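As written, the chain order gives the labels A, B and C, with residue 1 at the start of each chain.
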Amino acid sequence: MGGNLAQNYGEVVAMILFGIGFTNLLLQKNMIKKIIGLNIMDTAVYLFLAEKGYITGRIAPIIKNGDLSPDSYINPVPSGLVLTGIVVSVSVTALMLSLTIRLYRRYHTLDLDEISTRLKKEGR
Amino acid sequence: MEIVLNFPCLSILLAMFSAIISSALNRKWARYLNTFVVAAVGILSAAVLWLTITANQSFIYKMGHFPAPFGNEIRFGPLEAGMALFFAVIMLLSLNGGREKIRMEIDPGKEKLYYIMINLLLSSLLALVYTNDIFTAYVFVEINTISACGMIVITEHGRTIEAATRYMIMSLLGSGLFLIGICILYDMTGHLLMEYLYTSISNLMAAGTYRIPMMVAIALIVVGLAIKSALFPFHAWLPDAYGYSTVSSAAMLSSLVSKGYIFLLIKLIYRVIGFEVFYGSRIINVLFVFGLAGMIMGSVSAIRENDIRRMISYSSVAQIGYIYMGFGLGTAAGMVASVFHILSHGATKSLLFVAAVGLTDASGGHKEFDELTGAAYRNKLAGAAFLVGALSMVGIPLFSGFISKLLFAQSAIQSQGKALPALIVLAVSTVLNAIYFMKTVIRIYTPTDKEYEVTAFGYKISYAITLGCFILLNLLLGLFSQPITNWITQGLTILQ
Amino acid sequence: MNHILLFPILFPIVAGIMLLTIIKYQNRKPLLVFVGTVLGVNALWGVFAMCRVSEGVTVFYLTKSLPIYFKVDTLGRLFASLMVLVWLLGGFFSFEYMKHEKNEQRFYGFYLILYGVLFGLDFSGNLITMYLFYEFMTLTALPLVLHTQTKEAVMAGLKYLFYSFAGAYMALFGVFFMGKYAKTLEFTPGGVIDPAVLRENETLFLVVALLMIVGFSVKAGMFPMHAWLTAAHPAAPGPASAVLSGIIVKGGILALIRVVFEIIGPDFIRGSWVQRLWMALSLLTVLLGSLLAFREPVLKKRLAYSTVSQLSYILFGLSLFDRQAMTGSLLHIAAHVFIKVALFLTAAAVIYMTGCKRVEELRGVGKGMPVTMWCYTIVSLGLVGIPPTSGFISKWYLAAGALHTGIPVFSWLGPVILLISALLTAGYLLPVSMEGFFPGKEYDAERFQGKEPPLLMRVPLMIFAGFTLALGLFPNVLTNILSAVADFLM
């Protein structure tokens, strides 16, 4: 068990980071901290994917010196997935930030719970 | 016939490119383009549906140059095509019914953006329905979320921004879980295409290795999608988002967006995880319990609500609970019932939202029940449509809701050990439904002497036609359910 | 040819919907002519269809295994002819009565729709069709309860709705259940479920049977689900409460007979704990209804409690699973329809002419409204069960049937409770006539002077009183038919 964990330390770190990001996104009151949590969570997934795609001693799948043998390169698919994921995560972060700006302009706070209580008081 | 095989891909691209083109058009043309695209997608999907049903098989469409297992694919059978057709029809009707409201509530400069969001939503829904690749599914899940968020927030009401933020947070939690789930699956199998995943998973299960990680991955995926589709304890954002956004958004969010995720889950259950593996796991018990809890708690919250739009929103929570309860029963019949309920609830809930807006507009824009007294006399058609929707929700025979209840009950009786709780909760939830829907119906049909300023809205021809179509659709689902259940059964068989 | 069966169902529904939506009458007269024509034409068609059509008609299939199917049998004929009679006469009565209510057109619209729905209920040939029309009956009767739109009426309407839905879903639970085990859901005397299957899952089926019995008897006001009846019936306008108490509640009884005798089968329930529980509940309701009626000062509410009590006579008769008791139950259905409709119409006529609602205000009413009060007295005697009226015959059969079964305790307890209840019935109905005709010295003679209601109200009352007497004087015609029905069902 311990040996496995030590061997796959990259995945272990990724999972721990995912947990940290997830709880931050869920439990933080401050919107900015939530968004940071979201980014940690997404990055953890990319770390996980990159760790899966990397094969020790090989290089990025860009043909070098005419070497066409697949044995020299790492698996390109996870890298592609990471790139796609980054695009998604950037756009989601941008959207969240813009929503935060809207909320801040309206209520002058970043605390989501406080906004909710204020909305309930207003009654509509 | 060959040409029809291109239609699913074509419809996704059509929707996506129209979103891009719309940004260069003015609001009027953006509206026309949107209507055209939704209608065109409907027609294309109908052609695909006809082809797949007559051929009684599914087709695979290769995207790009790489063949499986490396490339990306689209796959379509009768169920997928029918679902795409249904989504397009509901979208067209919801947009048409709320058109006047869109004009009134959205800043004219932003109306164009709204239609861009709708086009994006359509393309992501179609992609979710048709895709054969789980990572593509993830990407389009996120696009779906973003466009849904845009649809909520576009009215720029304090509540909608807050609701949209909450919605985004919940959705991101869900999609984070979904993403890590599919990454673990990829880790274990090395595949992203559904067929190959299915074979690898069944080999792994047969060999008995990696059982725990497999269950973890399945659980992450299922819980992630359940959170996104607002299953009971994760519904806090829902009433505000549905209650304060513009009516077309509310109708589409409840009957399309959440249903898109549920349909993806059905696909994953059949095509990736495998029916047997899924039902062998304990996850279905969790879904069953949360589904039952949602059926009760959603209705209880709806009874306590004093705002008609929020009441209808809470009723959605209960109806989503029905669908997950059907998953949780663990029988093929339960799945058929759930798919039928996706249709029935989609048709009924959007009808209720569109009818409710006619009623509130006839009451000076108030949404509280006191002010709605006699609203059905001020806007007769909206009143009649609300009555139809309410009767369907309550489960009166001849309307679509009765057939869902019938199918749920029949499948519950077949399931082992779950029959009793399912039937009892079904009955209790139906009575609760009756309480708040019939209360509303009586309220809107109680005459009052109070005068209200009746806006022009609600007497528009397009609104009337929309309501008429909704009522017809509801009766169609209620009266001619046999061909539809046949189609669902056929579709689910081919899906496997 | 068989499709003429659909006409009496669809015609009034279409006419009623037109009255609610398209047609707008400014004056009363054309409206009344329209309603009267529909009532009359439909009655003729209905009777014609009942006599001529004997085969079933499948209209369409809701799902593959659930056809919407109509068929006329003797039971359906009995209920339908009672309904037609009450609907016609009640309609004529309301032509006069509804003068002092608002929104007449809406009232008649729903009155006509309900007419068609009841034909559908009486003619339905399988469980699912019956359930469909049962739900529609609940819904279309609601506007009649709500008609006055006062807060009291709305609360009563909601109460009615929730009790009815709760009952209907208990029954629906059973319908789903039967759908799985039964070969067909078409009504067949003796039941449709294989006895072997029944024996295999005995407890389960007994629970389902109990649920269906309790669920359908909500409409018939059986304890513990009777509270809606005494709220809803007095809240409705006079003629509506008459048809509610006379006919709608019988819908629950029809459903119960269909389910118990033609779906589950009497042999299965006979002798089980479900039967004993059913008998106990119905006897309790008989007593409870009479006692509550005895204490009630408002006339219409008193009559509603009396309905609760009298309907449980019928339920008790059914629960005995005995030929004679069954005949008694069917007779009591007919007797109670005429009597209770007449009683409610009397109450309506008194309210219409004088505005008096409470019993103590009615001192001396017989001096001013002799014809009305004579009718009231005759039908009251009928309900108490004094010969030569119809109530006597039906109660005789019920008591004789109970004694004949020889079930321990209940075979003698039943007749005793029926007797006590009959005394209570006399106690709460007859003082009204006595004080009405013999008020003593101190009463307000002015109040009732010349308040005899117009012909349109008097004639239906007289006809119902006449039927009550005729049934008591010449019972053989009906008892022969009904005991044949009972034979058929057993």
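Basically, a contact is a pair of C-beta atoms (placed from the backbone, for glycine too) under 8 Å apart; a residue touches a chain by one contact, two chains touch by 3 or more.
Because the structure is a prediction, the values reported are computed rather than measured.
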In how few steps can one go from subunit A to subunit C if every step must land on a touching chain? 2
By CA centroids, point me to the most central chain in this structure. B
Between subunit A and subunit C, the Cα-mean centres are separated in Å by 69
Subunit B-subunit C separation of Cα centroids, rounded to whole Å: 44
Nearest whole angstrom, what separates the Cα centre of subunit A from the Cα centre of subunit B? 28
Subunit A: which residues touch two or more other chains? none
Please output the residues of subunit C touching subunit B within their complex, sorted ascending. 21, 60-64, 66, 103, 128, 131-132, 135-136, 139, 142-143, 146, 149, 154, 157-158, 161-162, 165-166, 169-170, 172-173, 176-177, 179-180
Along subunit B, where are the residues that touch subunit A in the complex? 70, 135, 138-139, 142, 145-146, 149, 153, 156, 158-159, 161-162, 164-166, 168-169, 172-173, 176-177, 179-180, 183, 186-187, 192
As the complex stands, subunit A meets subunit B at residues 18, 21-22, 25-26, 31, 34, 38, 41-42, 44-45, 48-49, 52, 77-78, 81, 84-85, 88, 91-92, 95-96, 99-100, 102-103, 106-107, 112, 115-116, 119, 122, 124
Residue set of subunit B touching subunit C in the complex reads 380, 391, 394, 396-398, 403, 405-406, 409-410, 413-414, 423, 427, 430-431, 434-435, 438-439, 442, 445-447, 479, 481-482, 485
